[in-house]
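Two complexes come next, and they have one chain in common, chain A, joined by chain B in the first and chain C in the second.
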Partner chain A sequence: MEPIRNYVNEEVKNQPPIVDVPKRVKKRKKKKTWVPGLLLLTPILLFVFGFFIVPMLYILYLSFIVTDDVGATDAVYSFQNYIQFFTDSYYLSSLWITVKISLYTVGLCLFLAYPVALTMAKSSPRVRGYIALLIASPLLVSIVVRNFGWYLLLLPNGTINQLLIDLGLITAPLELLFSEIGVIIGLSNAYLPFMILAIATSLYNIDPSLEKASAILGASPLRNFFSVTLPLSLPGIVSGCVLVFSLSMSSYVTPALMGGANVPMMPVVAYDQINNLLRWTFGSAISYVLLATTLITVIAVTRGFELSKFKEVFR
Partner chain B sequence: MKKIMSLCIVLLLLAMTACSPSAPKSNQASTSSKESNKQITIAGNGGKIEKVIREEIAPKFEAETGIKVNYLAGLSGEILSKLELQKNAPKIDIALFVPLDVYRANEKGLIDSVDETSVPNLKNLDSKYVAFENLTTPAFGLVIAPAYNTKTFEQNGIKPIESWNDLARADYKGKTAFADISNDWGFNTLYSLALANGGNEDNLEPGLKKAKELAGYSATFYKNSTQMMPALQQGAADVTVMGSYVTADLAVNSGVPLKMVVPKEGVYMNAFNAGLVKNTPNKEAAIKFINYLISEEAQKATADQGFYPVVQGISIPEKYEEVIGLKDTDKIYTFDIKKLAESRAEWTDRWSKEVTPQLGTLVKK
Partner chain C sequence: MKYLGKIRLGVAVISIIYILIPLIVIIPASFTSANYPSFPAQGFSFQWYTMLLDRPEFIEALWNSVKFAVLAAFFSVLFGTLGALALAKYDIPGKSYITSILTAPLSVPQLVLGIALLIYFTPMMLSGTSTGFLIAHTVICIPYVIRLVLTGLSGFDYNLERAAAILGAGPATVFWKVTLPLIRPAIISGGLFAFLTSFDNVTISLFMVSSDMRTLPIEIFSQMQDSYNPLVASVSSVVIFISVILIVILEKLQGVGKAFGGSH
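Up next, the complex of A and B:
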């Protein structure tokens, strides 16, 4: 129905106003709608400014200082920290590992989430509610506790390896723990609900008559899925991927617990620099490189989809 | 339906807040000027130390003095970075540090020293535990030493550990639990390996070389030392280097057949140190607590949790003797923490770049 409404709005806009409203009155009217909105937003704006923007700016400021001493009076400003990051293969490889693991996590989450979201969309509202509750329930358990659970499952002599050996599928235990695989498993487990709910929400919004229409026109169920359902759910897929990707990029607990020293993801490296070596300034620079990488990737992917042949879906 | 969905969303949001980086929950109470000196905040390791302070020391101290004790759990390094940020308005009155952090805290002007006039119990202190120029008060004694699972060693016919160099052996098939360099136990392992191979505070190079071999024979180095305990309990690791109080706890209270070894090159004896935070508004109460911490009563309570008492005339309980008891013939060393603290960052960097990539390369499947 959307295009018709747009069309009507367009018409109204293009017509000259029926009654000539004096300019002053118009202005006041505008003000009235604007002020209450801002008032409602004031608490969150203050909160975000005080507890997010200010600390982030402080960290940005720190990242340009060379000395390790916070609050030093003889601070020297330069790009030294960033230069050090980009000229040292250790930190570059850490960035690469972080991006790689995050991408794998997004892929695994997408693969696991889509069928669930589809099931939810096809179920009755009642069943849908129960599934949503089941999906969200693991989030009630702290991520630290869940990671310790995975740890016990994935140990070389843990449940999963033991089961696979007993079934005769493998002869020696798989290296599930302290490897990239372990971190990907842990992260996917943690962030799967975000992906499912994001996709499910966009699936709910698909007009069922579209699928009927396409079936009437002779599309097989498979064709129907790839030509109608999948493209229309793209906004959900993209927002789910963006969410999971950003969360994975910045996760600390899972890489530290499941990866040990073997998987030095960026948040772990930044934490070590700040908390163990007290190199606040270099740690801050690492954080900003991480933030920039996440932002650029997310914006590029989102813009890419918005400009693609599916751009209509994102309107 | 809508209700259930909205419930889910609320749950999600709750979980998101719970997932966010695990900043230790601060249970410090703000001390308003009116009731200052009525409560103090101590920051120290979670786990054993937190337990003994919360359950034993703090209640008795409060009963005696009326001063309430809040405990803020965190790693030594985390506490140090927190103090650095709170430099001008400290919210922590006493910080418990490992020796290397005592030096760093002093360098950054974050702690005040105490003396016998205000802390009379200092006169009973065993000088072995003093970290650095009497800046802080040692309170929880320990050695950082190897330990191994006696049962699996016997079953597999592995020779007991006698030297730090015995930690790098193919026999363990990668089933080791060593802490990463960022951890105090890990850094001490590097230093001890250096010492065992002809190095010293000025030159940890031989230690780094040996550590590469150690990494080769290990599946991982643990980023989080609390994970090492379940690894030993679950049989995922048979060999470790950790604080003696943890070995004692695992062996005596959790029934893991662990035994601590004092290698022939010796072990590093040290203590968690109580440092008086500079500019604290509760100085008087904090000093009282420090004095109580090294009283006979408090030291007996810490010994009961597996720490070595830092005052003369108290011994560890019988039950720990077999696992972590030290003999007179055992070689004990302390080191120049100034030199190590200053070179720590450099060695940490080199460890991450040279030693960590070797992890698991020599483990035979």
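Up next, the complex of A and C:
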């Protein structure tokens, strides 16, 4: 076999090229094809540039200007807005509250999501579909409606307080609404589906024979979970946590309705600066502090895991 | 060891109830005969639904919500489908960068985008106008359309288009008779998703509405901040009803879980 193949190859190689068709056709084809594609893309690209990228860059530029009148000619470029933010204890504490509440939300979501994701991974595709429908559908109902449901449950004379009083567990109603607890409940309720779907996706990808192998080698179900399933689902856990964290950091409606003035999270403060006090340049700076804090945390956590002893799992 | 599975199942059931409970309590609460909202409801009556009909601001807000959601869905589907077709079919340089730019409005907080658009629109005389509102909503709908249509196109067999062209169909005929019917489910899901995104939106809308142009979620939001009467429960029930119909259609077409899974 060997010599024959060599012979054929040699023969083909030695033949003079008939025409160098492939190269030319490829080149011409490529040039021809992406021009109409670009035409189809033009409307959406112009739209997204004009109404997304430019406005975002415009407020970044504004955040470095100190003046209350945006159109004024005496605009001075400086870091004053950022300095004001980081030297005023009110804004610093607002940043801290935002991070703290977001972390609590992530923790609660993780605790509630993992069992659901595990159940989905162990179920048949049909049951999986039903669970996915149940948990994802509320995402398509307006957040104000979901918050109103929590109003009914958490009010001082609401369902939960009434139930606890009737059971004799408490004597006076708990301050559930307009408190940090209320905001954490509202946020975790809103973002729990994202955490479940993120973890479930990573659990689906685990090779079932790995768990079988560890069971055959004598690992107890608990050991199996902590040494095989949990580490292998880390990518889903990390992406779920990162997503819930960034959504919680920048959420406005839930803190405004469930926390009100008692829980001044960053988005509430930024909204107040822009819409009520009309301090646009300072509000722009708060927006970018919020974006930067979220981004830095997310990158640090993701990179941290990618460099940790679990780096193999993250590929 | 048997307990482990039971504990897992127990927490899972609690979690699912936790996700659904705020929606479950609203509908019975809207039928209360008392003059304050509560769950369980006191008595039974339709009074808060009939009263709704006497409140023109809610009817007007509902109409605005539907109108802008339809328009935002139309424009995002129009731009988004063309864009997704171009990205899937042509070998455009920097394709992955373009895709991430087009889906970027999803990863920027809506609050920040709302602030940016308000500040940007004011000198252009667009803030508080219907045009400004529509543009803002189209921006946040585009990523969903792009993603859903791109997913729909991922299994597309371009030989079908080629076959039609060989058999003598012009480019327009190929598009209308071959390409469009094949990706129609993806386009419809994209459109429904865009409709719901716009219909439900509060954060972006808060920066775009004016006193004489409000949407239903904004009306609910401000009612909740001022005083909470059972009217909010009946309005919310109407919103839930509309959402459920669209969710059923989406589930038939695409699978709601799939639309969110693999996202973000």
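Simple rule for what comes next: the second predicted complex is superposed on the first by the 264 of 315 C-alpha atoms of A that agree within 3 Å, B and C clash if a C-alpha of one lies under 4 Å from a C-alpha of the other, contacts with A are read in each partner's own complex, and residues count from 1 in each chain.
The criterion applied here is as follows: a contact is a pair of C-beta atoms (placed from the backbone, for glycine too) under 8 Å apart; a residue touches a chain by one contact, two chains touch by 3 or more.
This structure is a prediction, so every number in the text was calculated from the model and none was measured.
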item	value
Overlay on chain A: chain C relative to chain B, clash or fit	clash
Chain B versus chain C as contact partner of A:156, first or second or both or neither	first
Residues of chain A touched, compared between chain B and chain C (which is higher)	C
Which of chain B and chain C A:148 touches, first, second, both or neither	both
Chain B versus chain C as contact partner of A:284, first or second or both or neither	second
Which of chain B and chain C A:105 touches, first, second, both or neither	neither
First, second, both or neither for A:252, with chain B first and chain C second	both
Partner chain(s) touched by A:38 [first = chain B, second = chain C, both, neither]	second
First (chain B), second (chain C), both or neither touched by A:133	both
Chain B versus chain C as contact partner of A:274, first or second or both or neither	both
First (chain B), second (chain C), both or neither touched by A:220	second
Selected from 134-142, 206-214 or 224-232: the stretch of chain B that, after superposition, runs into chain C	224-232
Chain C-contacting residues of chain A that also contact chain B	70-71, 128-129, 132-133, 135-137, 139-140, 142-144, 148, 151-152, 157-158, 193-194, 197, 252-253, 256-257, 267, 274-275, 280
Touching residues (chain side chain A, partner chain C) in the complex	30, 33-34, 36-41, 43-45, 47-48, 51-56, 58-59, 62, 70-71, 111-113, 115-116, 118-119, 128-129, 131-153, 157-159, 189, 192-194, 196-198, 200-201, 220-222, 225, 239, 243, 246, 249-253, 256-257, 267, 270-271, 274-275, 280, 283-284, 287, 290-291, 294
Chain B-touching residues of chain A, taken from the complex the two chains share	69-71, 90, 125-126, 128-130, 132-133, 135-137, 139-140, 142-144, 148, 151-152, 155-158, 172, 175, 177-178, 190, 193-194, 197, 252-253, 256-257, 259-262, 264, 267-268, 272, 274-280
Complex contact set, residues of chain C against chain A	1, 4, 7-12, 14-16, 18-26, 29, 37-40, 78-80, 82-83, 85-87, 89-93, 98, 101-102, 104-105, 107-113, 115-120, 123, 135-136, 138-139, 142, 146, 196, 199-203, 206-207, 216-217, 220-221, 224-225, 228, 232-233, 236, 239-240, 243-244, 246-247, 250-251, 255-262, 264
Chain A contact footprint on chain B (complex, rising order)	1, 4-5, 7-8, 11-12, 14-16, 18-19, 21-22, 75, 77-78, 80-81, 84-85, 87, 104, 108, 174-175, 180, 182, 219-224, 227, 230-231, 234-236, 344-345, 348, 352-353, 356, 359-360, 365
